[in-house]
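Worksheet for the structure shown next.
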């Protein structure tokens, strides 16, 4: 169950409206790595989890915080949009060049669709979608996904910080940056804990039967490009992070195997297939045809 | 530049056609964590990279291999679909119960749209989409994304392994499992190398000015649910993975701040706003109205 | 701010697993009119609202409940999927016809992607998307949208009720039906209250200047099809619901106005435009050409 | 069957081209609540309807009109785009600040993809999609959806009216506003008629067996937030709009029920599950690990 | 303007309901190459066209017919769904294996969402989308797109024909096949006519200044794979269809040019860039790190 | 198998950065008719093809080239974005009007999401999607689709050419224009060759049994609009391009057939159906109701 309190975790008011920045801020609300994504992702991971205890409590404990971040950003965006211009005539743009810039830089749907309100979309107006959520049931994979989400998210907030000089907005971004610092650390710690406790390990899934894997190529770096520097990396020699092998470097991919013959599905699917008794028509006919007119 | 050779990296032929499994295999071809995703992701990370050398060579070196995996899976799927039934009458289903199961378990568009061919879609027929790709320009974030992609991908291949008993299919899956083992290890190694070399560090981005972050809450676990076990995790006390702080545990979220007043945008957006001189109409009128009829 | 408690508003456990029904139940979790939609919709309407007080409190008060419904459904679906078969060989299907039906009727991604877990998608596997949310800033329009959402939602739950005979599932559906009954009534009451209080009225938006509307056609039913029965409805004569006009019935659309001349954009866009000095080539040439081969 | 006449229902020509406004106008052509949506929605409701007569005739009668509105808007947009600038160099922008505003405010695909033409997309370039259509087979639900669509649509047209001062554009918008006035009234009248005739009633669906609903909570307002003002609304006490109950107000949600135990799916799905014989490794090991480097 | 008549162009009733086939038939209603696509495509091409006369009349003349085809298919699908089973228990499936097949083969949303009705989606339930429409303003390009759409559409109808033995359904498909025959021929004739009249020509756009094109490679077949048979085709030697060149065959792609140096964007975007004064840390440190635990 | 070489087929560096143009260039990278589309389309057509030989070699031979074009465009876009401004304050915009234009004209996600990098999206930020790919298994249909793709693609590149005056960008566009000239010619030649060799013919599919088609309407132009000029086209009389018929012109659509009766699905789907014993309630009641308040 979820409960709501009419307070914000941190103050979320701009010094002044700025419709151009409002659009940019939509990215961390409704984008691929925005707050809706992490709120929903932690929720689904918790609901799908297979054991009670500290890992599930962790997911529940942070999930509700993220829904509160969704709220803070939505309310901030609505305030940034508060003075968005309605009038958009050329005369008005000519009189004030900044107006033209604002019109070009603002999300048009913020006014037309939402009446100067926030929306569950990214900074290009793409609606948030459920495919942004990862919840596989395997916690080492999923905590790695979470660490990635918090990294990408913090990166975007850091970039946004430099796109504005509004103190109120920057305060909120500072708060989000700090929480993302925490959450990056947290998921990395939790992933390490899963491994240390032997709950899960590398490679994910770690308990897939090893004899069913084509082990010859499990630790080979095979170089399909012509750059040679990758041979210098720690992924080209030495022990592997899963502690089960040694990296090797293969400078040229070995020859492959022949392609299987093309398929011959039911002829009632009308695919193009070899016609046994086609008369080999003269090339001249063909070439005449394609150049007619 | 890319070049193609009419060979496969590994044999990719089923022992016999199986249209039901063909649909399932689409997931690791055209799904969120399928081969198209990683091929494109490594490509965009390479094209957007900001320095030459081993990390970029690594991205180029593996990217082309993944396009070859796309090809192997597409060719395997076409073969699995080769004998997909066209006829779907109730009489035929009644005569052979397995036919009914096949009709229900097969991707309908494989026949109608592709004539028994593979398609750039997932196992539910959702088209692959560009938003599956992460390429932020920050390599520590992106390599973490890559590690996640390879974990989710190997997990899906492992699940698919148990959904079939076809030797040819399982051979290909064994090969893909091994390559995913390699690629998980590789990205984790590369991420560690970025940190060890000081190219990038935690938290991502590591060079955002620390004084611009709200440091009070940078290492606090704040518990927004009522489970208490999360306090036992390594994310609740002790040193943080970024080496810059100490985790603390906050059992109850502190009081927040009051919400800002609601916004008052331009009235020509026709949002619902307080009407100063509304006559407080009698409640009886309202309730009569809503219950009419 | 949102807070989570590790309880459910109502019991949400099936009598026995049923992976076929799990897929169907996804519709009211992650479909267009599922619980994610209403939870997010009430949230965005609250965050974008322009006045404090009972209407905003109403939105906040119900929004958090809906997130709890998301949770109940996700947990129910995970339990329904608990015994979903992994093995999907033809031999197994032949031995047990119900297995074939289960394989055909189950969401394939529930196993491959989520490891027998719920996902933010509908019953066809389409990801939930932000465009399902309506939050215009105009409360009469939005409460009508909410009433519609609760009607469509209750309708879907009622249909689902008859697709299962599991007592545990039906209990949860009975609970959801009751809450949808409440919520339908509530939004209709709230919409009526907005009108009774004069906060907003029909037509939405009610304060658009009346002289800027083409009033001649504001209350005309114009019949663009050849059915005559629509003339018998209350929308064809009598007073209009907005209390501002009289319906009239126009049996045949009046003649329209001529189309404007086609546009002539910049020739560097290479659209097909009239060529002033084209030689009218003989029809024979054309027809010869198209029948070549 | 549909027939086309080369006339427009109303004049649709701007006084002068305006590519910035053309983009905005796309919203009511190809957006969620644009003319394509209502045209298709009324069509599908008619095709799926279960009885002949006035309600179906109404759907047919208005559906074809809406396709004509699609046409009027497309033709208007093409004219607005007629002089859209092709050249977009910085020098040109520097010479004329309005040019820069135009370039920023125009849909880039209008030129690149459509050669200065209209497209079935919204004002942010999101393609129109079939999920905007509601056609459930239940007319009271669907007419409520229609009323909502006409309200949201009229609201958007009213907002657009103030974004331009072009007389030709405003004339068309005045016409559309009037038709939306009609259509709002019409659907509300038709919904009331369904109830008055006893064809359908609240709550939708009205003939779901009442004993299968958890009636205890069918008329309770349960407050999941901490605002108290919602208790003052007509939805918190008094008779309900469906005429079947009395609203009650529950200030605090009652305790819920315990969560069911987590699921234990087939281990071949490789979810993370409790490991019975894990050695409780020392916390120090974990914390050392996460802080390495 | 569009007008509707309550008749169908051709009879559209099945001999008996068949919910499995209903799902398949959705492909040619709401799929990429379904009737909605061509109806909308011809509409947008007409509305965006730049000259009156026979080509625009052709687009208008056929567009309205296609909307009538949408209607025929929607009505056919509703009839096919008329007896779709609601009850889906395992017991029922066990008693009747065909029921299981039907449940697996039917679109679940047809019942839950549409109450046994047609929907604007394809056979996998993906919503129809505006990006299926091509209307570039260049008629030779667009008529080629139209020819393709009619080819793909007829191919799908032909495949569907063999998936059913219902006489009523087959009659409708026979009619659609015939109309697609006409429309393929028509667009090919119209494309040829554009060329014969000199309105447009190959390559599209034909009036792009020839000196601005890198003519050296305008007629080269460059072979980026290792198959040699493509040299035998009419595209490898001889006159080109545009009548302006001679095909040549290049068996091996020539060497390319060096890649440009990687970009160095503003450091406030926090991309990973070369760090001038990084201490080359020992490889041992790295490898220790990645193998910890 | 695919191999990568760290070279570009043609030089791809702008004379100077231009973030506004970068966004526009995304269209031919990740748009419907961009390079990702053709690369993937030719790949899937090859993998799904049913015969070895020149046609499949052609698909393989060109597919890898297109992946190289993806790379060239991505690298060009990254360079165009290199100096994209981060700072976006109103003061800065006021000081430099071009900055405002740039901010409005640039893809916001290029900076926030990709750190000044290319992305697999179109010029409006819509992600590339798998539904852009056509691979039906029928080569005449598919080669027509390919010809269309190359026409639309070349048209877009030609338009883009005029939107910039940067020599480096124009050089790359000149190269792409030339390759599109080749590829248009090539697919038209290949389509003609399929027909000349009798492998496939018009109408597609050419071997569908002719007696199963409703031949009466196979060559009729039926005019559903009121323009008369379409009768003058080569599609209205004379021999048809498939060589199998004669076009005829039908000025008015003949009368259709009556619509079938509406469907009556299972009542547990709660659709609105005729109620046999409804008391015809007085119209006054209805109209009173709708005008209440």
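As written, the chain order gives the labels A, B, C, D, E and F, with residue 1 at the start of each chain.
The rule is short, and it goes like this: contacts are C-beta pairs under 8 Å (C-beta built on N, C-alpha and C of every residue); 3 or more make two chains touch, one makes a residue touch a chain.
A quick map from chain label to UniProt name: A, B, C, D, E, F = Mn-containing catalase.
This one's a predicted model, so the numbers in the text were calculated from it and none came from an experiment.
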Shared touch partners for subunit B + subunit E come out as A, C, D, F
Enumerate, in label order, the chains that touch subunit D and subunit E alike. A, B, C, F
More than half of B-E's contact pairs recur, by residue number, in one of C-F, D-E or C-E. Which one? C-E
Note: subunit F sits from subunit A at a C-alpha centroid distance in Å of 25
Chain centres from averaged Cα atoms put subunit E and subunit F apart, in whole Å, by 7
Of all residues in subunit F, the ones touching two or more other chains: 1-9, 32, 48, 52-53, 55-56, 60-61, 63-65, 68, 75, 78, 86, 97, 100-101, 103-105, 111, 113, 115-117, 121, 124-127, 129, 131, 136-138, 140, 155, 158-159, 162, 188-189, 192-193, 195-196, 204-205, 208, 224-225, 227, 234, 240-241, 253, 256, 263-265, 268-271, 285-287, 289-290, 293
Among line, ring, star, complete and other, the chain contact graph is complete
Mind listing the subunit E positions that touch subunit B in their complex? 18, 20-21, 23-24, 27, 31-32, 97-98, 100-105, 122-126, 155-156, 159-160, 162-165, 224-227, 253, 256, 261-265, 267, 269-275, 278-281, 285-287, 289-290
Can you tell me which positions in subunit D touch subunit E when the two form their complex? 1-9, 30, 36, 40, 43-44, 47-48, 60-61, 63-65, 67-68, 70-71, 74-75, 78, 113-121, 127-131, 133, 135-138, 285, 288-289, 292-293
Which bits of subunit D are touching subunit C when the two form their complex? 5-13, 32, 52-58, 60-65, 68, 75, 78-79, 81-86, 111, 115-117, 126, 129, 131-132, 134, 136, 138, 140-141, 144-145, 147-148, 151-152, 154-155, 158, 161, 170-171, 174-175, 177-182, 184-186, 188-190, 192-193, 202-205, 208, 212-225, 227-235, 240-242, 245, 247, 253, 255-260, 263-266, 268-271
What residues on subunit C touch subunit F, complex-wise? 155, 158-159, 162, 192, 195-196, 234, 238-241, 243, 268-270, 283, 286-287, 290-291, 293
Subunit E - residues contacting subunit C, complex: 1-6, 48-53, 55-56, 86-91, 93-94, 97, 99-101, 103-105, 107-109, 111-113, 115, 121, 124-127, 136-140, 188-189, 192-200, 204-205, 207-208
